[in-house]
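Have a look at these structures, which come just after this line.
In what follows, chain A forms one complex with chain B and a second complex with chain C.
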Partner chain A sequence: MADTSDLTARQIRRMKRFDNPWRNPKLMWGASLLLGIIALGLLGRLFWNLDLVFTGSAPLKLPPVGFENLRRQEGVWDHPLGTDGSGRDMLSLLIIGAPNSLMVGVLASLIGMSVGIFLGFSAGFLKGRVDDVIRVLSDVMITIPPLLILVVFQAAYGDVSLTMMAILIACFVWQSPTRLIRAQVLSMRESGYVQMARLSGASTLHIMFREMLPNLVPYLFGSFIANVTTSIVTAVGLEVLGLGPQRVPTLGRAIYEAINSGALIQNLWWWWGIPTILLAVMFIGLLLINLGLDEVSNPRLRKL
Partner chain B sequence: MKAPRTLMLASAIALTAASGLLAQDVAREDTVIFDLDRTISDPENFNWFTAGTKREHGAHQAMWEPLFILNYTTGELDPWLATSITPNGDFSEWTMTLREGVEWSDGEAFDADDVVFTVQMVLGNEELSAREAATIRAQVASVEKIDNLTVKLTLNAPNPRFPTENFGVRIFGSFLIMPEHVWSAAENPATFAFYPPIGTGPYTYTSGATNRMIWDRNDDYWGARTGFQDLPAPQRLIWLETGGEESRAQLLATNQIDAAQNVSIGTFEAVQAQNPAVIAWHDGYPYAWPDPCARQMEINTTVAPWDDPAMRKAVAAIIDRSQIVNVAYEGTTVASETMFVQYGSMSPYIDAVKAAGYGLPARADVDAAQAAIEAAGYTMGSDGLYEKDGTDLSVNIHVNSASTEYTRTIDVIVEQLNRAGIAARAVPVENGVFWGEVLPFGGYEMSYSWLSCGSVNEPWTSMTRYTNASVVPVGERSPGFNNTARWDTDGAAAYTAIVDQMAGMASDDPALPGMVAEAYQHLDAEMPFVPLVQAAKLLPFNTTYWTGWPTADNAYNHPAFWWGHTHQIIHALEKAE
Partner chain C sequence: MTILDIRNVSIDFPTSRGVVHAVSDFSLSIPQGRRIGFIGESGSGKTTTALAAMRMLASPGYVSAGEIHLHSLGRTNVLEISDEEMRRVRLKKISYIPQGAMNSLNPVMRIENQIWDGIVAHEGAVEQAELQRRSRAVLASVGLPEHVGSLYPHELSGGMKQRVCIAIGVCLEPDLIIADEPTSALDVITQRQVMQTLRDVQGKIGAGLILIGHDMGLMAQSVDDLAVMRLGKLVEFGPVRQILENPQQAYTRELISSVPLVGGESFIQSTPEVLRGPPGPLLQFESVTKRYGALTALHPLSFTLDGEVPKIISVVGQSGSGKSTMGSLMLGFTPPTGGRVLFRGQDINRLSAAEQLGFRKDVQAVFQDPYACFNPFYRVDHALKFPFRRFGLAQSQAHVQSAMEEACHAVGLDPALVLRRYPHQLSGGQRQRLIVARALMLSPKLLIADEPVSMVDASLRATILKNIHDLKDKHGISILYITHDLATAYHVSDFVMVLYHGHVVEAGPPKDVIGAPQHPYTRLLIDSIPWPDVSRDWGAAEDGQRGLDALSDADVARPALRGTIPGFDLTVGA
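On to the complex of A and B.
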């Protein structure tokens, strides 16, 4: 125990924070924003009638409680956040749509990361031909704008499920983690403990995934969160163009329909505004987590 | 007042500059800008006879003139390029007299040679597949020039409706006469692009792109010289693709467009609140004009399980028309009771069908539908969808994505079908693909359309679109979009026999309503298509620069400005004071 008698209580608190780098305020704020969205999805499913999310299940264009629409109708507690132009309840749309959007991002990113980890390690550790192939492939893929390809694909195949959309997006988010991990592994494979493991006859897979991978966890987390953000942006981009799943409610599709139905001129701000706010909350949450993880893995960024 | 004026002028100039046309600037107040809700896939092809080309970008509203124009208010044919058309005793020969002094915009005279040439060209070339051309081919046996201004058309069978059906712009377009001196040089009329185009109308083609067409006034218009019509007031007409309800509304509110395509009632009210100069057909609710093309869902009768009439009837029973009216149309239209448009002139036939018990209810009968589906061997799965042999009962419904009117209707139907246990899915398709590839070739299970459209004052025109004479295999083009459902059963044969008998009967024949009901029993029993709702078009017109738009109080004709009768609208426009 260090002598802390001449420090103020506040400084002591700050000092203690370093004991556990994971108790980072940015990280916690970001996580709680995302957990809030997940909680909205879970609790909403328990306490709200989700059948209201379907076309024609509620009166049209009702405003949120406390507001009035252009027809001088007032919001009602049956639909606290209002309804859209096809008679869908906004609250149930958010309860189902927000976790859906997050889910697509996480799923696409998980798939992309898994592929990226495997390829990155293989390239960095095995070098040679394998490295050449993987490096060239990821370098080529990274130059292709994903939205362009996905727009063409989805326009051609029409309606896709959320899972299918996540898999499609995953095809475009493995390159960055591959490159990142490859670079790390290249430097790491020369370090002492890896040489030691190799001398003691450990298998390649053991060295890659048991010895080296744990050291990369903060990196992987950061990359994962960045990928979730990219995937959500891509998914929402497709949805806003009307190319996402049709009957499955998503935030992007709500915005697409609002734009398509003249919601701006009719001042139906809750129709496009609330999904936009929720997306913003999601992105801010992800950004904070990313910044927090940066500080966790890089102590120089932490402030006293 | 000065600032917005400058702004508008600037945007008009920007428009002109964007067109690559700087030779002549036309002020905004001398220009009429019409809304186009379709993309012009091939702006340098004016061969209207072939699939994939357009007329509604100004070509048949400003450049090509029709022979007659059906006046929806009086029910009469207003003469235009022709002055009269008279039948022989049994309606099998028609003699048409053309107007004297009509000229093409290049100075050549328009006369009987042009009419004879165009009709003969269409008779001799199956590839000219436009609906109007297919109708002429089906009806006309031969055409003969009597003198420079007189043409005699001999028909295959007596037809008392011949002029209205072919030359009167009854629905959307009419058979347009093309200049012989240009088209006779074409090696194959089916591939001839007719660019640059010419016509007899008061406007000539100036420039075009995929999202707009610009037409400038021909001050040497024959009609003004002969005293047929005054020179129209607008110097320039522009058809501009606006793309979606929101941008359409913003353009209206800021006076950047004069006539807009259909908007929802909420949008219209919001636009009117911002710009009181915007008007519609009616002054108050429901504002909209009843379009004669009632909406329906076409079912491909060759695809299982929808080849079973019981399954088609089940789908019809699941559809709740009143919900479509309330949700998709926000109450601006009414549910269809039969296949016909609900105009007063159609009521004898509608009443006859209803009296015979074939009228459609506005509400759904899901229990009856589910009983029918279960009788066909389906069981309700745990996911709430019917299944047989491990596969869900599913259906894809193709819908033209050009308008939210269409997609919103199908969204409601998809929802209704899913709730009743059919895994329905909307397949939005781009306009050109929808009309060019999906519908005519039968490449769908169900589709949203208005293909029984045609009748406005007699029943035969709509009913003849579903006779079995028009049935072709899937993959071949349905003639004139008739019977794309490919309904070809014994019921269809019995139906065809009655409808064919109706063909030669005058529209005031007292036997007609009874025959309509008799034929309708087959439609009711087999449902090759499901009538949905009457179409209502809420078309905003802007009176900031131009007045004289057609309204219920000033109903010189109807307001569908993408139809060939728009000549009358353009001639009626006056500069706003």
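On to the complex of A and C.
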């Protein structure tokens, strides 16, 4: 019944995009931005001298190549992105710091999602008391501002490791996946295919993980990415306040030190500017992935 | 006078696999005050054509050729006017009554506000008192009381919501009303009320009517002219009497003959060789009751179904009569409030895990909605393979494959065309037959078929019911057939129970119960069936309601038991 003769090649190409929703331009752009940051970390470790990240390993406050600082010093190729106020090479700082920031976000989000999936399924499936407790708990947790508690906690605790920080942040990102999954599970358990699975003698675990979970994947992905963003924002917020890991380079820590050493007044823009740009790239990448996933799971948003 | 003139219209849907010609070269004129039916299977282009006249085609579809003229717009082509002009045409000149009224009303707005919306959108500011007067008048014209205006949609029944949709559609007295399967989700009694209401208002305001549907009986009772469509083409057009009594095209004849009738020839051929099971009671209800809060869904009921000679027991009734609750009780999905449900002498709600698995294998179901029964994530094979393996029937990979193919052949499907596909690639009819094939592979002892054909095209119903009937004869499976369609129950079943508000009001062999009903409720159900016969009138709009109102408690408490059949004993009451 269909014939292709009266369509231009361009029209066909545009519509081919619908056949495989995962080949979504937004998704691809977002993924390549994030992969770029990961590649920076990997390639940097191979091709750059990471010892330059230690204090005093380089001249102080050198600008990036092609710029001059207030002391009329020119940037040198030994330190292409310049150095900071205590003589650390900016490039090696970024090579170590940027993946660290991303890692905290992903780890916190992974932990949060796992807890969310577990609690969401429990609430949706077991109903009754369990559901009430989980629902009230997640609703209450949503109203508590995470930064406030984390600031108090970290100030008391002092130095923490990256993993510890991820775990602390994860305590505040499990609520929304819990609510999302609970709602989906409640509507899905009445659906025809779940009834069919029950008729087929399927165990509860089979119904949860083999029948329901695959259909939740688009939601889970979207929620995961949104959580990564929130976690990175929280982590960077703590670091910029001077909390969080003290001895591990992160983007937020670099910004904190820049502000603390008067980089703004001394016009040392590369010190705080370049980490900020990398953070922006990270957030734009995550946002694009989230928008792309939205279009994948909701075909009505796709435009011809 | 012609209201709407569709001339040589073609509608295309560009897709990545090429252009789909949904409608090709379609011409039709609709005269004032006349009712035209568009009939055809799903995918025949009937809704698409009607939506093109309202310029509401779903993207990316477009009208590739032809013109549509609306008389009140003079010589202008509807397809060429601006969006703003088109907005003024919608509802004012052509109104559209959608298929699922449940989803068409705004759940957070009162009914009268939703009626006022349309009036204000077309006439600007109108005084509150005037709006009140008009919404009351239009609600009265569809037979709804005044207070309905101040209610929210969730407070109304399905039939009332559909009538509200009609009220919104006629409140500006349009020239043409397009009704897209307005009764497809309703049971026979409500269907009759809604259809007759629609006919009455349409006659009162003198508008033309396009009724879209796939039920020949409904068409015969509701329209003047009938347009038969197939694959986007007009197959036959003429007065409904001529089409029913003297169809010219083979396809039209096929559509007409696919409607099962009460009485007359059966579309089922019984095989004298029936596979027998072991003797002894298969399923027993021991004064089973089900209450949801204050509402009693099922009043005490006892029966024993013997498993030796497989039988089909039909349970018929309106929506809300408790028939689906009965199915759910038998499957063990809901525990009874009182009494016990026994399968082979064991209480199904007190089974151990191992017994539970055995029970699941022996009692299977076919549900109403073939679209929801497949997990969209998996290929359809999953639904067939999984239980087969789970119940330990599979011997090897090849054995599973051959069993699936055999089951597909048995229900008339070509395995090469359906297996290894995703559910959304199959039609509703194919999916429902696959579910029957699934039941067949497991060879259960009892099958609960809950409205198995109400969501498939009329032309496919007979085939699927034949498949189900074969399960009984060839595979020795007893079947509980839950339906609101008395005509099919008449043909396939060995015993019929009529349910009303959780009471069995009439029961017995189908030839007695449906062929010569004694209880007023059964009579009402049968009178509400739309016959594909123009001379057999359907009665007035209020007959249905009057009939229900006349049913006294005494009638309900006095069931008409019309004899028994061997192997099935029924006791009503505690």
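Everything that follows uses one rule, which is that the second predicted complex is superposed on the first by the 302 of 304 C-alpha atoms of A that agree within 3 Å, B and C clash if a C-alpha of one lies under 4 Å from a C-alpha of the other, contacts with A are read in each partner's own complex, and residues count from 1 in each chain.
The rule is simple: contacts are C-beta pairs under 8 Å (C-beta built on N, C-alpha and C of every residue); 3 or more make two chains touch, one makes a residue touch a chain.
All of these numbers come straight from a predicted model, not from anything done at the bench.
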item	value
When chain B and chain C are modelled together on chain A, clash or fit	fit
For chain A as apex, the angle formed with chain B and chain C - C-alpha centres, to the nearest 10 degrees	150
Partner chain in contact with A:215 - chain B first, chain C second, else both or neither	second
Which superposed partner A:61 touches (first chain B, second chain C, both, neither)	first
Touching partner for A:247 - first (chain B), second (chain C), both, neither	first
CA minimum distance (chain B, chain C), superposed complexes, angstrom	48
Residue ranges of chain A touching chain C (in the complex, touch as defined)	1-7, 11-12, 15-16, 18-19, 191-193, 195-202, 211, 214-215, 304
Of all residues in chain B, those that touch chain A in their complex	244-246, 248-250, 253, 263-264, 266-267, 269-271, 273-274, 323, 326-328, 330, 401, 404, 408, 411-412, 414-415, 418-419, 425-428
Complex contact set, residues of chain A against chain B	54-56, 60-61, 70-71, 85-87, 158-159, 242, 246-247, 259-268
Residue numbers on chain C that touch chain A, as the complex places them	14-21, 59-60, 231, 331, 333, 356-357, 360-361, 364-365, 367, 369, 371-378, 383, 386-387, 390-391, 435
